[in-house]
Amino acid sequence: MSYPLFSVTVRDHMMIAHSFRGEVFGPARALHGATYVVDATFRRADLDEDGIVVDIARATQELSDVLGALNLRNLDDEPAFAGVNTTTEVLARVIADRLAERVHAGGLGESARGLAGITVTLHESHVAWASYERSL
Amino acid sequence: MSYPLFSVTVRDHMMIAHSFRGEVFGPARALHGATYVVDATFRRADLDEDGIVVDIARATQELSDVLGALNLRNLDDEPAFAGVNTTTEVLARVIADRLAERVHAGGLGESARGLAGITVTLHESHVAWASYERSL
Amino acid sequence: MSYPLFSVTVRDHMMIAHSFRGEVFGPARALHGATYVVDATFRRADLDEDGIVVDIARATQELSDVLGALNLRNLDDEPAFAGVNTTTEVLARVIADRLAERVHAGGLGESARGLAGITVTLHESHVAWASYERSL
Amino acid sequence: MSYPLFSVTVRDHMMIAHSFRGEVFGPARALHGATYVVDATFRRADLDEDGIVVDIARATQELSDVLGALNLRNLDDEPAFAGVNTTTEVLARVIADRLAERVHAGGLGESARGLAGITVTLHESHVAWASYERSL
Amino acid sequence: MSYPLFSVTVRDHMMIAHSFRGEVFGPARALHGATYVVDATFRRADLDEDGIVVDIARATQELSDVLGALNLRNLDDEPAFAGVNTTTEVLARVIADRLAERVHAGGLGESARGLAGITVTLHESHVAWASYERSL
Amino acid sequence: MSYPLFSVTVRDHMMIAHSFRGEVFGPARALHGATYVVDATFRRADLDEDGIVVDIARATQELSDVLGALNLRNLDDEPAFAGVNTTTEVLARVIADRLAERVHAGGLGESARGLAGITVTLHESHVAWASYERSL
C-alpha cells in the first residue's frame, strides 16, 4: 500500500439461505441462513476532477444490483455455487469480483477506471465479519 | 407504564432459513434466511436486594438457550411453526413467550419472579427491526 | 401503553441545510446542515393475518418518499417551514405526521389501518437524537 | 404514557472501577471496571417556544458534569456508595436522579422545567445495558 | 505497510452546509448539508515510553479544534474552499492535513513526532463513508 | 500488504480495572476501569480447502479464552503487567501476541497455520479505540 490513499464505502444487505459441507462447520452443515450487511470499499490514489473516488449514487446502485442477484435465495440451489461452500469469505470474494467486472465494464463511470482496488466486508452478525481485498 | 421503571437488556443472535406465504411478501416467498440480532429486555419497578433487575449472566444464558432451539435451522421444517409465517414480529413473540416461561419456571432465579415485563427486539438488518413487548 | 405491543422499525436518512433563530441556538443560528438517520416505528396491539405489523417493503418506500420531499434541500427556503425552527424535534414530528397521513390514505396497505401509533427518531450525530411519538 | 411525546437524548461515557458483594455476582465480586456509554433522554409532551425539548448543548454539559463526578474513579472508595452495589442499574438511577436535581435547579434553563421525565441508559458492553426511567 | 503497527483512533463530529458543482452530483448540486462523524486514526510502528501511540485526550482536543474551524458553517462561503467541491473525500484530506500540521507543530506532544501516518474517515450517513490515508 | 487478502474478525469483550503512571495520563493515574470491546482479525492470502480463513467458532473460543485470563481483574495486581502501563495499545498487543501463540500451538486448527497476520482492536468507548497489527 502506498500513500496517499482515498476510499469510499457504501453499505447494503442481503438475506440468504445456505448450508455447508465439511466437519469444521458442525451444526452449520444444516440448512440455515444469514443476513449479510455488506460494505463495498473503492480505493484510489487520487480523486477525479469532480473531487470524488467514485459516484456514491452509482456505487450504491451497482452494489444493490450485485446483491440483488443473490438476495432472497437459497444459495445451495444456485448453479454458480455448485460444489462451493458459500462461506462469508467466499461471498465477499464473489461480490468484490462482480463489482470489479462492473468497474471494468464502465458501470461506475469513466473516471472509476482510475480505481486501484476494492474491499468487500460481509457482517454476518454483530460479533463476526469477513473481508476480501483485491486490486483492480 | 408507571414510573420508576428499571430494565436490563442482553444481546445475542441466531441464523435461520425460512420462507413466507402471502402476496405481501413478494420475493421473500422463496426460501431465504436471516441473521437476527436479538435483544431481550427485562423490566421491573424496583431492584432486588442485590441491586439488580436480573442476573445478567443468567439472562444471557437463558436467551442463549432459547435461541439455541431455533439457531442454524430451516424454520419451515420446524413443527412448532407449521402453518405460521415466521416473520420477525412472530419470532419476537415466540422468543419473548419462551423467556417468560423460563422466568415463571425460576430459570432466572427467585428474585426474577419480581419482573414486570419482557421486550424482545429482533434486528433483521441494519435498516429494519421488530419488537414484541409483553407483561409477565 | 397496554400490552402486548408489536412494532416494526425501518431506517433511512436525509441530508439537509438549515439555520435556527433564537438565543438558545448560539452558533447554530448560522446556516449549517445535518445528516438525519431516521427511524420510523409502527406500533399495533396484534399482527395482521399475514403475521406482520406492516409490510416492511412498503414502510421503507413510504419513509423514503416522505424523506425525499426534504432531502438535499435548504429547509430555510421551504414554504412549509416559514417561521419555524426546523429542529430535530420538529422534523421528527413533521415526518411522523406525514407518515400518519399516508397510513390513513392507505399507502401502507389496508391492514396498516390497524396501526395504533408511530414513533420517529432522528439521529443528528452519534451523540444526539430526538424522537416524536404519537397515536394514529 | 400519553401522546404526543417528544424526547431528546444525548450520549457521553465514563470509565470506573468497582466490585460487587453477593453470591449472584460470581467472579464480578473481584475488583474490575467498566466503560459505561451513557444515554440521557429528556421527555416532554410539547416543545418550548424555540421548538426544542431541551437545549442539546446544555443537556450535554449537564450530563458531562454529572459523569465527571464519577469518571476515572474507584466507586468502592466513594462515600456516596458505601454499602451499595454500584450495578449498572443503580448507576443509571443515580445519574437520572442527579440530572433531575439539575433540571429542578434550573441548570438546563427555564423552559426545561416543562420536562416530564428522564431516562438514563448505561451500556456496559456491546451485549448488555440497563435503563432507569422516572418522571420529573 | 510494515508490521508491527499500532494505531489509536478518536471520534468527533461536525455539521455543515454545502453544495456541489458537476453533473455527477445530480440533486446534490442544490444547497444541502451533512453531519460528518469523523474518525481520526494515528499510526506508528512502536509505542512511546508511556506505552501509547498518542495522548488520547490531546488527540481528541486537536481533532475538536480542527473540526471547530469547519463546524456549523456553510462551506460554500469559506474562502479556503473557493472553487473546490467539498466532497466527503476532500474534507477527509483537509482534516488529515490539518491534523498533520498540528503533529508537526508539536500540538500532540513531543513523542507524537514519532507518528508514521494519519487516516481520517468521515461517515456521512449509516450507509456511506470516505477515508483519506497519508504518511507523516 | 499484497493482494488478494482475506480476513475474518470475531468480537468479544472484557471488563477490567487499572491505573496508569506518567504525567500524560492526568486523572487516569487514579484507579479506574474499562470495558474493552475486542475485535480479533485473522488475515491470509487464500482460503483453506473448506473455503474459510479460520473456523469462526474456534476463533471465538480462543479469543474468549485469552480475554478470560484478563477479564474481571485489577490489572495493577497481575504479575504479567508489573511495571507496565496497561494502555489500550499495550493490551491490544498482549492479546494479539497471545492469539498468535495459540495459532502456532495449533489451537485454531491445522489450516490456521496458513494465517499471515493478526490485528486486534480494543474499543475503550464509543469515541476511542486502539489497534495492534502483526504478522504471523
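Letters A, B, C, D, E and F name the chains as they come in the text, with residue numbers starting at 1 for each one.
Please note the rule applied: a residue touches a chain if its C-beta (ideal position, glycine included) is under 8 Å from a C-beta of that chain, and two chains touch if they have at least 3 such contacts.
Keep in mind the model is a prediction, meaning the values are calculated, not measured.
Listed by label, the chains touching chain A and chain D alike are B, F.
Looking across B-C, C-E or D-F, the interface that copies A-E in more than half of its residue contact pairs is found at B-C. Set against the Cα centre of chain B, the chain with the most distant centre is E. Copies chain B and chain C of the same sequence differ in orientation by 120 degrees, per CA superposition (steps of 5). Counting every residue number used by either copy at the chain C-chain E contact, over half are found in both chains. Computed centre separation for the pair chain D/chain E is 31 angstrom, with centres defined by C-alpha atoms.
Averaging C-alpha coordinates per chain places the centre of chain E 26 Å away from that of chain F.
In chain D, 1, 11, 126-127 are the positions where the chain touches two or more neighbouring chains simultaneously.
If you check the complex, the residues on chain D that touch chain C are 1, 3-12, 47, 50-53, 55-57, 60, 109.
If you check the complex, the residues on chain C that touch chain D are 1, 20, 22, 24-26, 84-90, 92-93, 117, 126-135. Those residues of chain D lying in contact with chain F across their complex are 11, 13, 15-18, 27-28, 30-37, 71-74, 124-127.
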